[in-house]
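Each of the two complexes below includes chain A, the first together with chain B, the second together with chain C.
What follows is the complex of A and B.
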């Protein structure tokens, strides 16, 4: 076990990146509110707000390039995630979906932005918070729309199923709606960002460590770096995809809660 | 060395949330939500609405212009056909009028001719009457003179003379017929 990490001829062994690498000390001061992830979250709020405030300020019929860029993202969320999935009541949920998408996307992309290089969503607290919001929103919408009794009845006793099957189905359905959905929603996002960052750490720290080794290892190290760069592009794709999936699933849950039958 | 390898045992559980991060995450998200909902979404929606209105307005204007053009075309066609009909009618009228005039003239000419013929006939008749009358008296006188010369006696009795002449002439006419 120990010799496995003894890559350099002499000196210290390689310490593989672990979940401890995600526990960052405060950037300044000495409190829990000045850590890198928290500062990045605030930065994302500022960046997204400023970008969309600037791009929507004029709201011209013939858009400028900036307005067009902002509008493209907005209309993607509005039409592809809102209108096409939720249906005629979609406009109520567009601000929420729009915030969700831009917030998650920006924080994910921080993972590959030079100098920032930390995907905020790899801190599980943030996906938890977002999943709780989505959980509250879609249950609230369902209860408001159908009344609490009918809503719960529809979840527990899916219509058109033979009675004995409910013994199996009811617990499954309840678990799906109240446990599995929020958990998978948050853990999917968290795990993707966590694993992606870890992967980049492995290749880049590994490449660095190899470079400190003997000559043969020095020659290998560029490949590790090259792989790290390739994975960065791959990460970019995953980051966009995860932001999309989170918003898409939220829209689907809302649509399901609005529909008469699940 | 040993510590770093066994650090796995002390690893933090990445699934346990931090209170500070939970609070910040919620606050930051709600902050962004409020900004986007109150300022950005209404502005983009406004732009979309205005764009839709602009496009629809343009289309409606074009449609209206087309309708106007069609209406004008129909009107011109109408006027053109009316004018054609009028011209046709005028030609027809002129033809009818021409025929009538020719007919009238022809009738007039015939009447004139008939009148002239009748006048000629009348004058010929009267001249013939005159000639007959003068001839009758002259022939009578001549015949009486001739007869008196032949008979040798003067037929002085005027009444008898003319009776004789008339009887003669009547006989003459009767034999001519």
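What follows is the complex of A and C.
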């Protein structure tokens, strides 16, 4: 009975997937600029542009299926993320929010598209750049709207608080606005994509490894694969949710900078 | 068996944010259940609170890899 469940006969152990699996070699030659994540970013730009150009090219009162699909995504971002959160000045920010949402969503979903199967945002530099954009946008908007002195004063000295509390509150508020917000915005996206990809690797590679073992393990491996498929659907949900949360938080930060009182 | 205790520590430290996230969404759900029209008001607040709570878990994750 024990020989049925012994790990693979030759005795070589299972090498669990690690962060090294995210260091992909260049696709073309020795060029550091053609790694898979970079090519995927370019692909996502092309895909998003082509899809929305096609869906809006022959705009009609009675929409075609393609136009309907494009307009559903647009109206979701404009109404649920722009209008409901930012308020009456929302139209200025819809292009940014829409670009952000579609770009992040496409790059996330690459994680479960067959043959691509790599979420671009699991390389931390891409979320960093997106978070820097949001950081610049919401501070710029706040400074333009209220003037730099009043904007900083509102951040540092929140009105309606007893004076001694400022000793504690001011450093926390400063750190929140200038450090915690951009860092967590990027790290949340990165960590979710990284962990999700690693999770899928564990189940699929583990299932494959079990399949190479003795008979008892071969019988178990389908369960690992089935779990991997189930987790793929779970990943799809997480990927959509993370794109939504990234855009939602950007909209919330912009709304906070626009509001007169924090 | 080799490994790093950092990850065990991270697992322990993730308990706090996990409970916090659960409580935030529990409050959000019961708020919406009692007053469905308050949904659009509550949603940004719930997600902002969730983002703040999850920030702690993310710091833990970063430290688990860095240290």
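Assume the second predicted complex is superposed on the first by the 255 of 262 C-alpha atoms of A that agree within 3 Å, B and C clash if a C-alpha of one lies under 4 Å from a C-alpha of the other, contacts with A are read in each partner's own complex, and residues count from 1 in each chain.
Note that in this section contacts are C-beta pairs under 8 Å (C-beta built on N, C-alpha and C of every residue); 3 or more make two chains touch, one makes a residue touch a chain.
Quick caveat: nothing in here was measured; it's all calculated off a predicted structure.
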item: Touching partner for A:167 - first (chain B), second (chain C), both, neither; value: neither
item: First (chain B), second (chain C), both or neither touched by A:149; value: neither
item: Contacts of A:85 with chain B and chain C, given as first, second, both or neither; value: second
item: Which of chain B and chain C A:184 touches, first, second, both or neither; value: second
item: Touching partner for A:252 - first (chain B), second (chain C), both, neither; value: second
item: Contacts of A:20 with chain B and chain C, given as first, second, both or neither; value: first
item: Contact residues common to both interfaces of chain A (with chain B and with chain C); value: 19, 187
item: Residue ranges of chain A touching chain C (in the complex, touch as defined); value: 19, 84-85, 180, 183-184, 187-188, 191, 245, 248-249, 252, 255
item: Chain A residues within the chain B interface of the complex; value: 1-2, 5, 12-13, 15, 18-20, 22-23, 31-33, 35, 37-38, 41-42, 44-45, 48-49, 52-53, 56-57, 59-61, 63, 67, 70-71, 74-75, 78, 94-96, 98-99, 102-103, 123-126, 128-130, 133, 187, 190, 194
item: Residue ranges of chain C in contact with chain A within the complex; value: 40, 43-44, 47-48, 51, 54-55, 58, 61-62, 65
item: Contact footprint of chain A on chain B as seen in their complex; value: 1, 4-5, 7-8, 11-22, 24-26, 28-29, 31-33, 35-37, 39-41, 43-44, 46-48, 50-51, 54
